[in-house]
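The two complexes that follow have subunit A in common; it is paired with subunit B in the first and with subunit C in the second.
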Partner chain A sequence: MIWDWSFTLEILPVLAHAAIVSVEATLIGFVLAATLGLVLAVVRIAVPWTGWTISVLVELIRSTPLLIQIFFIYFVFPKFGLVLDAFTAGVLAIGIHYAAYCSEVYRAGFDNIHRGQWEASIALNLSAWTTFRDIIIPQAIPPIVPALGNYLVALFKETPLLSAIAVMELMQTAKIIGSDTFRYTEPITLVGLFFLAMSLVSAALIRALERLLNRRTMR
Partner chain B sequence: MTEQPMVRFENVSKRYGALTVLDELNLEIARGEKVSVIGPSGSGKTTVLRMLMTLETINDGVIWVEGEPLTHMKKNGKLVPADLAHIRRIRAKIGMVFQSFNLFPHMTAMANCIEAPMTVLGMKRTEAEARAAELLDLVGLSQKKDHYPSQLSGGQQQRVAIARALAMRPKIMLFDEVTSALDPELVGEVLQVIRQIGREHDLTMLMVTHQMGFAKEFSDRVCFFYQGKICEQGPPGELFGAPKNERTRQFLHAVLEAG
Partner chain C sequence: MGIGTLVAMLAAALAVIGVLATQQAYSLFLPGLLQGAVLTIEIAILGSLLAVIMGVLAALARLYGPAPLRWLATVYVEIFRGTSALVQLFWLFFVLPQFGVTLNAFLVAVVALGLNVGAYGSEVVRGAILSVARGQWEACTALNMSRAQMLRRVILPQAVVAMIPPWGNLFIELLKSTSLVSLITLADLAFKAQQMNQNTFKTIPIFTLVLLMYLVMSLVLTIGMRLLERRASAGLARGKAA
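Right, the complex of A and B next:
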């Protein structure tokens, strides 16, 4: 038989442990992406002269492969004195890469806010900070939750790239198990199933969050 | 010595490319004066309000508010473009009500009215709420304070918008076609509120309106704008009763014809 159940049970705890690393990388990476993306989108509006610079930066990041960016931060940054461990470098690369995508999502969200909301904020003499915090962001975020959620799932599915710099996440662990035992079927299949399950769960959670936000804003 | 005007437009021009929206406007508004601005669309009347609210930049001239320049500041005896701190200080004297209400849809009527007093004036919540409750009562909506804009009629939304602007205790209130987006049966309740605050508050009011009856009865002075200039102005009795300018006569005739 091609599938060995006892071998599966044997490697399951090892893979489960690695899964934690994958999930950690996803969560930290996404928090970084969502925060940095928001900052980029806000700065672009609040400080108009930065628009061109930010556009170039975002385009540069989106137009080059994530794998190259991971390598760049891990192998090239040390040449400039910034030495990061593999996990930190990898998560930073993922966070910055997806921040570029998220900033465009936020931008679309801001663009959808009616001009009258900005004008009312000026007429009430609100500061730029208060306008974003209390008026613009609370209205801009709910409609873009699905788009941000899609990037969360996409980001999660790209964490195996971290195996390229030997972060002990799921893929790297599966590869090691494979090369040690010459059995790839079980570890690789299990990793695939894990990603499938997590992606489906995340998608369901995002839909639930979306419904909740819609209920709250459709009053 | 005459009293300082509340607002003074001095040779103010506004252009969009080749199009001149306002052409060297000179206009003084006295403290407490109620001025209506009428005119055909595209005559620049809304632009006057928007410039005063700093929603539009100006190309030439100076706008003075209580003797201080709004979009400029004095530096070594010369007028230079104002910084944000200066603009915000002068802007605090001005409130505006919009044609499309522009309430914050994610906030209740009460929250709409306390947002700026708390974040800009630094009022405590209890104090801001007490003040907002008074104002919502003034506009006849104390029962609706916990409603969201989407749960209110257009007339009610506009009355909340008036309360929200008043909560910042402006000296000057700008009304930009505030009844134009309303169903006819809701116009009266909004005008009634404006009438009342005109009576009870010592406010300088500048309003762009298509409600000729209201302009006639409520304002101290009516300005007729045509092609970026004040074509004719005077007390409502004179301007509506015996317009001197041919353009004014044509406009009033057309408006009254429409009913």
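Right, the complex of A and C next:
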């Protein structure tokens, strides 16, 4: 028998518990990515001379594999005195990696704001801080929410990489079940199905959100 | 980012590797890492080939195939886009043998990454085909071309130009994903790094070199795709002017 249902039921609670860790990593990682990405995008506009440095930094982060960045933070940072546990190191790496992608999304959002809005803010003598907080960001963010949502899903699908530094998330748990029982079929297939279900649901949510936002901007 | 900046970054990365290579603490690891990089490049090239083939086939099946084929292509795209690349890699490596199909690790790596990126690629191909102006399709119909003629002579040559930049991004993603194959025991660049790190604990030189080597590979790929894009769209601009 290739698929064992009683074994499936037995491991389901263990995997469900691990799924919580995966979701936690996703949420914390995404908050980090969304915040840091926004900071990068705002600084690039507010402090013009940083533009080149930030472009190069973003290019560097996006050109190297996330797995190596996770290893780098987990293994190299302690040499400089910063010892992080596996979960923190992994989430930090994921957050920074996706911050680079998110900053480009925010940038596109800012570029789409009409010139007149910036000029009017200057004419009204608003500070850079007020301009961003009250004028630019409220207009720039809604259109890019679906794009950010896509990165949230992409980030979620990267969390199995945390298994490489032994974070007890879904993939690592499935692998351990596999090596303990010599049955890989059920745990790994279940992990796959879990990701598939989450991705399909998120994709549907993002589409609904997109429709909602389109309708609001049409009015 | 302009092509000039990218070339400057590539030159800087190579220069840093060159300077580090003169130091014994770094040069010690170079031969082993280069060996790993060769495997990384092999997997990336074969995976990209498979991805392009799968992307085009799935897109054509979804656009023009009969219902069962269309359905099959949709399931393929949804499954491979909906699950994580690492999960796919592990599934093909650990679970497929249970069904009597045992592939060696190298083949698993190429197949998993190729199918994964191919699923994303099929959306790129589909979008590019659909983005060709309506008048082009209508003109083909007016000229009484068969669908195959229409695609081969009119639609695809124009769609290919639109596909180059997004495929470039996908190839970069694939190149970066090759690092995952280290987790199914293939001795690629990431694997060599892990192995040397465990043996010597010389963490800083090893991971610095590895990051630089991936950077060089990505930049070469990005610059190559930019040049290709420039060449392909130059032809298009001439065509429009004439």
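Keep in mind that, in the parts below, the second predicted complex is superposed on the first by the 216 of 219 C-alpha atoms of A that agree within 3 Å, B and C clash if a C-alpha of one lies under 4 Å from a C-alpha of the other, contacts with A are read in each partner's own complex, and residues count from 1 in each chain.
Going forward, a residue touches a chain if its C-beta (ideal position, glycine included) is under 8 Å from a C-beta of that chain, and two chains touch if they have at least 3 such contacts.
Keep in mind it's a predicted model, so treat the numbers as computed, not measured.
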* Check the residue A:Thr88 against both partner chains and state whether it touches subunit B (first), subunit C (second), both, or neither. => neither
* Asked: If you stack the two complexes on chain A, which partner ends up touching A:Gln139: first (subunit B), second (subunit C), both, or neither?
  -> first
* Which of the two partners, first being subunit B and second being subunit C, lies in contact with A:Ala123: first, second, both, or neither? -> first
* Asked: subunit A residues in contact: does subunit B have more, or subunit C?
  -> C
* Asked: Of the two partner chains, subunit B (first) and subunit C (second), which one does A:Thr185 touch, if any: first, second, both, or neither?
  -> second
* **List of subunit C residues in touch with subunit A within their complex** => 1, 5-6, 9, 78-79, 81-88, 90-91, 94-95, 98-99, 172, 176-180, 182-183, 190, 193-194, 197, 203-204, 207-208, 210-211, 214-215, 218-219, 222
* Structure fact -> In their shared complex, subunit A is touched by residues of subunit B numbered 53-55, 88, 91-92, 94-96, 98, 100-106, 115-116, 119-120, 148, 150-151, 164-165, 168
* Asked: Where on subunit A is subunit B touching in the complex?
  -> 114, 116-117, 119-120, 122-127, 130, 134-135, 138-139, 217, 219
* To do: Report the residues of subunit A in contact with subunit C in the complex, numbered from low to high.
  => 2, 55-56, 59-60, 62-69, 71-72, 75-76, 79, 157-161, 163-164, 171, 174-175, 178, 184-185, 188-189, 191-192, 195-196, 199-200, 203
